[in-house]
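Below is one structure, written out as C-alpha cells, with a few remarks after it.
Note that the chains are named A, B, C and D in the order they appear, and that numbering of residues resets to 1 at the start of each chain.
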Amino acid sequence: MSSKLVTIVAGVGAGTGASVARKFAKTYPVVLLARNPENFESLAKEINSSGGKALGISTDISDSSSVKKAIETIKKEFGDDVGASAAIFNASGGFLRKSFLELPEDVFTTSMNVSATGGFLFSQATLPLLLKGVEQKSEHPPSLIFTGATASVKSNARMASFAPGKWALRALSQSLAREFGPQGIHVSHAIIDGVIDIPRTRELLKDLGPEAKLSADGIANDYWWLHTQPRTNFTWEIDLRPAVEKW
Amino acid sequence: MSSKLVTIVAGVGAGTGASVARKFAKTYPVVLLARNPENFESLAKEINSSGGKALGISTDISDSSSVKKAIETIKKEFGDDVGASAAIFNASGGFLRKSFLELPEDVFTTSMNVSATGGFLFSQATLPLLLKGVEQKSEHPPSLIFTGATASVKSNARMASFAPGKWALRALSQSLAREFGPQGIHVSHAIIDGVIDIPRTRELLKDLGPEAKLSADGIANDYWWLHTQPRTNFTWEIDLRPAVEKW
Amino acid sequence: MSSKLVTIVAGVGAGTGASVARKFAKTYPVVLLARNPENFESLAKEINSSGGKALGISTDISDSSSVKKAIETIKKEFGDDVGASAAIFNASGGFLRKSFLELPEDVFTTSMNVSATGGFLFSQATLPLLLKGVEQKSEHPPSLIFTGATASVKSNARMASFAPGKWALRALSQSLAREFGPQGIHVSHAIIDGVIDIPRTRELLKDLGPEAKLSADGIANDYWWLHTQPRTNFTWEIDLRPAVEKW
Amino acid sequence: MSSKLVTIVAGVGAGTGASVARKFAKTYPVVLLARNPENFESLAKEINSSGGKALGISTDISDSSSVKKAIETIKKEFGDDVGASAAIFNASGGFLRKSFLELPEDVFTTSMNVSATGGFLFSQATLPLLLKGVEQKSEHPPSLIFTGATASVKSNARMASFAPGKWALRALSQSLAREFGPQGIHVSHAIIDGVIDIPRTRELLKDLGPEAKLSADGIANDYWWLHTQPRTNFTWEIDLRPAVEKW
C-alpha cells in the first residue's frame, strides 16, 4: 500500500469521528478536521504516540476557503501527489427541537450550511484525492462515507432545523455514488438510528440496559467494513441501530 | 367566505405558478411573488382585468428581509388581520447538470438557498396567516403546498446541484405536515415527475404525442383538489406524471 | 359516454367499498363484488332504487374460477363488448396482530391470497375491460385503483400477517402503472393511513374529536378525483389521513 | 462456542447460497436446504471433506410439512436442543418477464409461495432455534438474513411475477426485525442489485469488464459481516451492487 494515501475525517468529536479516526489510523495516516482544535488535539496526540500518524487541522467545513486551506495543509504535510484512501464526513450543525415558528433563521441556515454545503465542499475537496487513490491502485477502493441519522429518512415535527440538511446530504451521497462508483470510488451513507454511547449521553436510556446505545467503535468497524468491500460488491446505504431500538 | 383570505404563490413564471394563480384567483385574491416583476406583471394584469384580484410583489424568497417586506406589503393591501387560504411554494433555484467536480460552489448554494432556505422563509412567513385562516374557519382547510420534482425522491448522477435542495424541501414539508396538520393546516408535497408543457419546452418530447408533457393547468387543478380535501382526509404527497412517462 | 362502461368494485363492505360504489354509481353502472352477498345486497338495492344501476356478484376474489365467473356474469348483463371505466380493488384478508410465532399459517396465506393473488386475479380480469374503455375513448382514462394502508409502506412488529400482502399489492400496482400507463390506463394506489369512520369503529378515537377518523365518502371523492385526472397528469400514489393523525 | 449451533441455508444453488454455506461452514455446521438434492449434494461433500460439517436436506420451502420434516431431520442429527447461529433465506421462485396479461396464474402464485409463504415458513421454523442460540449466549447474535433483489424496492413493468413476492419478503423481514431485535436476534435484508457472477451468467455484461457482476463470495463475506455485528450495532438493510452498475 502506498504511504501516500491518507484518510480524512471531518467532524471529529467525542463519538463516531474519534472512533473512526482511531480505526483507520491503524492502517493509514489520518487527517482530523474540526472547527475547534480542542476536538482533535488529544486524539491526534493519542494516535501519534501509539504508532499511528495523525494531523489535526482547524477547519470550518462550511467555508470554502477554510476547506481549501485544509487541503493545502494536507499537501504540505504529505506531498502534492497525496491521495486519499477514505474521506469520512461526520459533521453536523447544531439544531433546536422547537416549534417551527420559534426557530431562528440562523439555526436553520447553519444546519444547512454544515450538512449540505459542508458535505458539498468536503466532497469537492476530497474527491480529487480519492481519484488519486484509484490511480495508485489502492488495496481497497477509496471510500467517501457520509454519516446520516434517523432524520435522514424521516422528518418529524419539530425537526425542521435538522432533517432538511440530513436529507440534502443523503441526496448528495446518492448522486455521488452514481457518478463516482463507475470511476472506482465507493460512496456510502450510514443511517445512524439511535443514541450513540458517549460521555454526553451516559445518563440516557440507562433503564434499557448496557446495549441500548450504539457503540461508536462499532460504527467505526462498520465503516471499515464498507471500506474493504471490493468493487464487485459496493454498499451505498446501511442503517445501524441497537437491537432494542424502537423504529 | 371571508374576504380576508388570500392565496400566496411564490415562484410565478410561465408554468405551474401562473396556472395555480389563475385557478386560485377564481375564489381568492392572489398574491404573486417572484424576484423579477416581468414574471408576474402580465399575469396580475390578466387576473385583475378578468374579475379577479392579484397583487404582484417583487420578492427574493431566499432573503428574509425581502420576504418580510412582502408580508408587510400584503398587510398594507389586505389589512393587518389578513389570513391565508393557501400558500404555494413553487420556487426553484437554477442548476447545472454537470460533473460534480465542475460544479461552481455558488450554483450549489444558490439552489439550496432557494429550495431549502426559501422554503423555510416562505413557511415561517405564511404559516401565521394560514393559522389565521383556521381561526376564521375558512371553508377549506388552509393549505401549504410545495412543488417537488423527480429529483425530490431520486438523486441521479450530475444532479447534485438540484436534488439536495429538493430533498431538503420535501423533508421540510413532511415535518410541517406533522406539526401543523393537527392545528388544521393541510401541508402537501407534489412530486412533478416529467416535463411541463410550457413555451420553453415546446420542442421536447414531440415524437411521443401531445400528451407526453404535464399540463400546468392540470397541476393547478390537482393543487385545488388538495386544497378542498376536508380535515378527515388530508393527502401529504402526490406524484404527477404523463401517462407515457418512463419511471 | 358509452353506456357500455361499467365500474367494478371488489371488496364492498360497510366502508370504503360502499362509498366508492355510491360515488361512481352517479356516473356509471356499478358491479359489486364480495364473497358474502350480505355485503352488497342492500347497497345494490339502494343504488338501483335511486336512479343508478348496480349488479352484485358473490365472488371469491382469491379464486380464479370465481373471478372468471364474475366476468361472465358481467358480460351476460352488459354485453360481450362491455368495457370498464374503473376497477377498484378494495379487498383485504383478515389478519391477527399476534406475536409471529403464534401466527397460524393459514392466517398468513389467506391474507396473501386475498391481497396479492386477489389483486393479481382482479387485475387480469378487469384490464381487458379497461383496455376496451380506452378503445371506446372513455371521457376519463379508465382507472385501476388499489386500496392500501399504513401497512403498505411500514411493516411493524406483529403485523406479519398483514403487511407482506399489502406490500405485494403495492408492488403489483406499481408494475401495472408502468406497463399500462402508456396504454392509457390510469393505475393508482392509495395509502389509507388511519381509522375509517364506519359503524364498527364508532367507539375508536372519540377523545380526538369528530374529525379523527377518515371519511369513507371522502376517500370515494378522492378516488373519483384520481379517476378524472387527464392523461397528462396521472397520480400513481396518494396518502390519506386525518389531520390529527400521528405519523 | 457451543457445538450445538448450526447455520441453516435455504435456497442453495450455484451462487449466493453455496458461497454463504461455505463461508459459515468455516465456523458452524451448516444445513443445506434445496428442493432438488442435486443443488446441495456436491457442496455438502465438498464441505464435509474439507474439515467442515454439512447436512443436505431435500426441502420444499413453500410446503409447511416439508419444512417441518427438515427441522425434525436437523434435530435427529444435531440433538433436540440444537440452536441456530444463523438462518439464511436465499430462495426465490421462478418468474417470467412477460406482459402482465400473458402471465399464467401459477407463475404468480408459485413466486408468491416461495418468496412470501416460503419466507414465512422458514422464519417460523428457524426462529425457535435462533432463540435457543440467544439462550446459549452465542458468540455472535443469532442472525436471520433474507436475500432480496432490485425488485424488492422497485417494481418495473413486466416484473409482476417477481416484485410482489420480493416486496412481501422485505415486509416480513422488517416486521421480524422489529419484533425479534429486542429479543437478541439480528434480522437483516440484503438488496442484491445486479447480476451475480455464476456459471449461468458468464456471458452477461462481458463488455463492462471483470468487475461488472456481483461476487457471490463477496455477498457471503457481507452476510458474515452482518452476522458478526454486536447487539449495539444491528443493520437491518444493506444494498449491494457492482461499482459500475447503473441504478
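Just so we're on the same page, a residue touches a chain if its C-beta (ideal position, glycine included) is under 8 Å from a C-beta of that chain, and two chains touch if they have at least 3 such contacts.
In UniProt terms the chains read A, B, C, D = NAD(P)-binding protein.
Keep in mind that this is a model prediction, so the values were computed, not measured.
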Task: Between chain B (NAD(P)-binding protein) and chain C (NAD(P)-binding protein), centroid-to-centroid distance (C-alpha), Å - done: 32
Task: Whole-Å gap between the CA centroids of chain C (NAD(P)-binding protein) and chain D (NAD(P)-binding protein) - done: 34
TODO: Report the inter-chain centroid distance for chain A (NAD(P)-binding protein) and chain C (NAD(P)-binding protein) in whole angstrom, where each centroid is the mean of the CA atoms.
DONE: 46
TODO: Pull out every residue in chain B (NAD(P)-binding protein) that's touching 2 or more other chains.
DONE: 178
TODO: Examine which chains touch each other and state the graph shape they make (line, ring, star, complete, other).
DONE: ring
Open item on the list: Which pairs of chains touch each other in this structure?
Closed with: A-B, A-D, B-C, C-D
- [ ] Provide the residue numbers of chain D (NAD(P)-binding protein) that touch chain C (NAD(P)-binding protein) in the complex, in ascending order.
- [x] 64, 99-101, 103, 105, 108-109, 112, 116-117, 120-121, 123-124, 127-128, 151, 154-160, 163-172, 174-176, 178-180
Task: Residue ranges of chain A (NAD(P)-binding protein) in contact with chain D (NAD(P)-binding protein) within the complex - done: 141, 178, 181-182, 184, 186, 197, 211, 213-215, 218-219, 221-222, 225, 229-247
